[in-house]
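Look for chain A in each of the two complexes below; its partner is chain B in the first and chain C in the second.
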Partner chain A sequence: MEQQESGTSRRAFLERLGAVGGTAMVMAAMDAWHVPTASAATAPPALTGAGKGKTIVILGAGHAGQVAAFELNKLGYRCIVLEARGFAGGRVQTARRGFTATELGGETQRCDFDPGEYLNIGPWRIPFHHRSTLHYTKQFGVPLETMVNDNDAAWMQHNDGSGALKGKRVRQYEVKTDLRGRVNELIAKAATSGQLDQQVRAEDRELFLDYLASSGRLKKDLAYRGSDLRGYVKPPGAGDQPGTIDDPYGLSDLLQSHLWRDFQVGEYTHPLTMFQPVGGMDQIAKAFEKRNAPMLRFNCEVQQIRQTDKAVTVNYVDTKTGKTASVTGDFCLCTIPLSVLRSIDTPFSDDFRAAMDDATYVPVGKIGLQMKRRFWEEDDGIYGGHVKLDHPAIRQISLPSNNFQGQKGTLLGAYLLFDGATEVSAMSLKERIDYALAAGEAVFPGSYRANFERGFSWFWHLAKYNLGGWANWTAEARKDSYPKLLNADGRIYLAGEHLSYLGGWQAGAIESAWQQIEKIHQRAQQA
Partner chain B sequence: MEQQESGTSRRAFLERLGAVGGTAMVMAAMDAWHVPTASAATAPPALTGAGKGKTIVILGAGHAGQVAAFELNKLGYRCIVLEARGFAGGRVQTARRGFTATELGGETQRCDFDPGEYLNIGPWRIPFHHRSTLHYTKQFGVPLETMVNDNDAAWMQHNDGSGALKGKRVRQYEVKTDLRGRVNELIAKAATSGQLDQQVRAEDRELFLDYLASSGRLKKDLAYRGSDLRGYVKPPGAGDQPGTIDDPYGLSDLLQSHLWRDFQVGEYTHPLTMFQPVGGMDQIAKAFEKRNAPMLRFNCEVQQIRQTDKAVTVNYVDTKTGKTASVTGDFCLCTIPLSVLRSIDTPFSDDFRAAMDDATYVPVGKIGLQMKRRFWEEDDGIYGGHVKLDHPAIRQISLPSNNFQGQKGTLLGAYLLFDGATEVSAMSLKERIDYALAAGEAVFPGSYRANFERGFSWFWHLAKYNLGGWANWTAEARKDSYPKLLNADGRIYLAGEHLSYLGGWQAGAIESAWQQIEKIHQRAQQA
Partner chain C sequence: MKVAVTLFALLVAAPCAAQDVAAGEVLYKQKCAACHQPTGKGVKGAFPALAGDALVLGDPALLSRMLLVGKGGMPTFKRLMTDQQIADVLSFVRSSFGNSAAPVLPDVVAAMRATLPASGGPTGPLGN
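For the complex of A and B:
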């Protein structure tokens, strides 16, 4: 058994990767891998007893706050949820026609996508093993559809390598099939000439060759000469059309192309297929909001938190009226991101506050592009999945998994992280769109710009109530600071994706809330 | 360039495979691979001129017949479609509540699935590259949804191998990840010790190692010690739960298990995700039927075809009334399967008839099982895809890709081919269900039988108007006989999946019709 290093050594891993493959590789890995894992809990904690007569002040109506309110309310607690925005959901937001948002220092954007078109500006995919998230979609009857997260038919194009494939637009199945075939041929021949006799037991050798031949599609002489898995130059059809395949690429060209660096590495963390709620990720937030409505107070910006050994008082300002007010409760569950909480007047101990300061927040942004025609489907036969580029900041273009064969479609034209995110977020709204269009035009020449209709961009490090996409813990911070924040400071508990090993995922926020409300309930029962 | 051997040497390939891996492997390959390919044509032929005053008698209202009627009608031809059944679609049928069907020598089955539950008893998945099929779903606005055709989370269980994994129920991602890791480690170590210096150019060696390390998830010392891609024994979660992975399986156990033989080999022919029409495959047939209604004559069983150098006359019996009648046209397009056509009184030349006899038809059947609870989702977190078994006849259980997280669900409990199909089709309806339930119970002990509610089974070799699933051509028959049937015999043209290299696929029938109506139109215009 081995403790997985995923969460704690992410930065170390990325640094190693950067040394090997440069920023491009780091970016690709971040995206494919940035938040590893499965979720541990499959259902809320089974709590007994009653919360009658106790008030819980919950700060933030993102998933963590809403889960806490929903579950604690069932136990009889009086819950008051203060939310700075005018709607619930936190980062779980979907931009569609009429949606407005304003970045720090920016102008107000109003989304003018056509009806039915949307962009999930926060989380956009649910792995099958995030059972906590799926617990609520099932309970609330939020319809899910498949999100195609890997599509071998999608284009890839790299200029950062060398050889015959440099700059060439190829299908992912060509590269995958040829690499596997070429490498398997090489190994199979080494094995049959006795070069691997030390490594492969005599009684396994025949099966080893069978495995290499079947997975690499080798011919009887163990040579790889291409296969239908790499696609056809002249597809089979009716009558006298058996189909023709092309010669495979050479191993050296494949290796030198660097294209293989872009393959999804996350069959488990980012499975081939994931889920998305029909109509937008905010359907989950709305399902909570509907049930939590009486507990939610919107436009309440927290200004100060105070506590005694009996109670917690939160002072806030109503951003609509400018008036201040306060609420007092027996306990407080604070789900405000640490990036924001640090600047609020709080009563935390120096040690607790130092731990909060130890998390960094990832700059993240997205650019959605509504296209008037689904040219990637109609012209190229690509339905969902990601087109892979080696553009300095835009590593992939993600194609919509909804409304297949419809008239229009909205692409995720850029999913930007770290330096790429801060660089592009500094541009004007129009410049951002132009930047994304230029990247796409290189892979879809003549189609991308020509079909563009409307765009929407959003950067989480410029979101006043987030100041970043998600919390990032260095190995040291995860070891020293993170555990301190899992415990209460007085009567105040923290919760959110930042207090999980599922950072940036909805499941992290949900499971963190589950964990903290259990602690609050136990303490309230003892009192 | 290499002419792909797919269509013509299928039998030869299967024979080789049988010699290596036995019947089980042949069956698995048949399913994963039986009908290779992409479709050539993307749109109907662009025909000019007018068909006014000419009558085309079309035999069969499957896709081939309906496509021909739909397209020729637009040109002004008078089309009469004789269909033996009481509805259109041919093999494109969906069993749902109220659907009735009777096999040869069998009792009439009436499907009693719950509303919303269904089984596609004919074709059930559409590859993204079957552009001819997708041409019509788009044109007719038939909504498509993703059909999850590969799910690494699905179970696999084999008893036919040996070693530690024999009989063990494992996730596909465990086997895939560990095999790749173990094999890559082995090769990387051989490469670093100079054993592969002949095979890998000096300037490629570093990239070669990078590729092996990244795709195999090797550690810095090039050892494989497991990875999160193989799943967690204790998943990461909130608070103090970083997640724990288990030790990987050993290479010898992996090879000896034979589990790898069950992986989908067809990333292109059977992609990771395919399409299915929302609500059932027959939505495509119904879309045609709606548009073709005035041309369709149901319950018309063809008894005799005659032709002169001017016209074709078809005599048929109305199976409702028992009365005979006849229609005469300028040309006839006959889409009746060769298996059935052989027994009809036709005017074909001896040579043409001998060519018809040269096709064999594949015994194929399906068993659908309605379950009262989606235990594969709720208990095991498997959403769509195929569970892999080494049962003598049932090689996989296919999980539904519709209504995720719904209450009930209908599994494809068995997709039987060749000997397995004929063996099971000889059983009573109840015995067939029991047979399928026993296979599933082994992989889902305690859940499979306990949740079963209703079943429906159907075998195409026992379908009076089909006598088999699809046409199978040996290499010799494909070379000698097949081409003869592409040409008209007098004024009679054949069409259907049997006259394509896309046998058994809807695209084969559609493209064959496209090809033959072009010939008919050209000849009609010349006349």
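For the complex of A and C:
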């Protein structure tokens, strides 16, 4: 079946990345192979001139739409933002007590977490290099806290391998340290027995061995016999307690366990330290909403878009009253996901429409579990980060980076993608929670189910105004279709994460908006 | 005509594994039912009904293409399902919800897959 890839190892690598770090990580890795990765723009375009009383109709009050309104308004444009939902943010939403949502074909969920508990059901972490996102959090004074994106103390457990570590719950620092030590020992011994003389210059050899010995904690004879980096079976303490280090795991057991698969993590794309807004990711959306309020029209579902060579008219229905209305502007910036836009009555050319159809959207969802006691902290000393497991769909359980040492906590019990997401989203709400609890109980036996209080699950492919988590561009579509959508069709411009190489990230939506408003402004200035 | 098609299908299917409608039903629940619903009736305005749908009942090659490539909210299953699995699930869909069309052969899926560009993009199976 998988005959096509130039390298199956690359595909396997991507699969594993996806399993470990989510699709965003896969996409980041893809970008590393094809194009520059990460956030390219650090500030909005420096635009001069004035909006001259021109009207811009913006469709969607997610980050792309809100950024455009915020920046264009400063230039004097009249901006009208039509938002189908009753609130701004697009996919940037946080489920907390009282939050109500209904999936297509599903029952209405009302989040009943305790006050202070929440789940970011959309984006949940901000890498330090997403300077566009951080530009607005700083400007708006949205308080950030550290999001612990990796934690060596977190458990890992794999049943898919064999050997002594199969099914054994181990700390990530044990596995990392032993793997490095075992591998460095082999390389160092090869180097001292002349086997690497072709590859390592004589004058480099000593430094090479120094590096291997220090990073692998090798002894003088270049053997690895364990290290304090892998933790203690008896920790050091006061008086006569020097601490006891356990024997390291054997290389064969480490390899056969498959645990090493979880360590192919990019340190730049998904850095150890990230940020999250205090109180939930929707704080960013709310900060925009507060400033853009006069421009925002909620519950306005776009029905039809029409354009002439002078203007764009958008017909919409007010979902509260059922009444239809229309707005006309000089230009339109449409941030509606392509999965949704393709079914709306639009005036796009056949070529443009075909390009839109070349993006497919990724099924994505999350399950949050409120626990009455932070047993991962109290019992195991794990503060944030991801527990890694080899469950068929749930590859990691992410522990909260807020309210450390508090009473309760809400963890991300499942971050599901692709067919893991389609399968679990077909379950009832209760079945979903049971599914997530079963996965967690295997790693936290006796604690996970016992401490569970309430759950909330949400799947973006079943969200009416999203129909998917984010756009998925194949290499071919990225080359042939994507560039067409960066240009206007008449007086209509598109923007959103789908028109960036930062797919699924907030930075993608923000920077896409920056790019497109510059084009609109330049054209408006010429008119 | 239909009998002839079915016979032909069985003959062609014989050398490779025959499509397994029961397996297809399980796959349907896992990959399709969340959107197209357990009833196959879909959700109006978002997910097309599979019952009586022209694409579902039409050319098996074009139908296979939809699963392999996707479109809009319909994800690509190119990396997530084998030819056999796609044949199974499509054969289930074509014989359920009141539908009555010939099964889809794995060879048809394989042939369609072979026409697609080598790189399918950054998707990958996460279920194993």
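Here, the second predicted complex is superposed on the first by the 489 of 527 C-alpha atoms of A that agree within 3 Å, B and C clash if a C-alpha of one lies under 4 Å from a C-alpha of the other, contacts with A are read in each partner's own complex, and residues count from 1 in each chain.
Here is the rule we use: a contact is a pair of C-beta atoms (placed from the backbone, for glycine too) under 8 Å apart; a residue touches a chain by one contact, two chains touch by 3 or more.
Everything numeric here is computed off the predicted structure, so don't read it as measured data.
S.K.: Of the two partners chain B and chain C, indicate the one touching more residues belonging to chain A.
M.R.: With both complexes superposed on chain A, more residues of chain A are touched by B.
S.K.: A:411 in the overlay: touching chain B, chain C, both, or neither? Say first, second, both or neither.
M.R.: A:411: touches no partner chain.
S.K.: With both complexes overlaid on chain A, does A:393 touch chain B (first), chain C (second), both or neither?
M.R.: second
S.K.: For A:314 in the superposed arrangement: first (chain B), second (chain C), both or neither?
M.R.: The answer is neither, since A:314 touches no partner chain.
S.K.: Return first, second, both or neither, reflecting whether A:129 touches chain B, chain C, both chains, or no partner chain.
M.R.: first
S.K.: Report for A:61: first if it touches chain B alone, second if chain C alone, otherwise both or neither.
M.R.: A:61: touches no partner chain.
S.K.: Tell me which partner A:459 touches in the superposition: chain B (first), chain C (second), both or neither.
M.R.: Second partner only.
S.K.: Is A:524 contacted by the first partner chain B, the second partner chain C, both or neither?
M.R.: neither
S.K.: With both complexes superposed on chain A, which partner does A:148 reach: first (chain B), second (chain C), both or neither?
M.R.: First partner only, chain B.
S.K.: Identify the partner contact of A:384: answer first if only chain B is touched, second if only chain C is, both if each is, neither if none is.
M.R.: first
S.K.: Hey, what residues of chain A end up touching chain B and chain C alike?
M.R.: Correct list for chain A: 1-2, 4, 6.
S.K.: Over in the complex, which chain A residues touch chain C? Could you list them?
M.R.: Listed in rising order, the residues of chain A that touch chain C are 1-2, 4-6, 11, 14-15, 17-19, 23, 26-27, 29-30, 104-105, 338-340, 342-343, 356-357, 359-363, 392-393, 395, 417-420, 422-423, 425-426, 459, 461-462, 464, 467-468, 472-478.
S.K.: Report the residues of chain C in contact with chain A in the complex, numbered from low to high.
M.R.: Residues 29-35, 37-38, 43, 45-47, 69-77, 79-83, 113, 116-128.
S.K.: Considering only the defined contacts, which chain B positions touch chain A in the complex?
M.R.: 1-4, 6-8, 16, 20-21, 36-41, 128-129, 131, 134, 137-138, 144-146, 148, 150-153, 173, 176-177, 179, 183, 186-187, 189-190, 195-196, 199-201, 203-204, 207-208, 210-211, 214-215, 217, 220, 225-226, 228-247, 251-252, 255-256, 258, 260-261, 263, 265-269, 271-273, 275, 381-384, 401, 404-405, 483, 486, 499-502, 507-508, 511-512, 514-515
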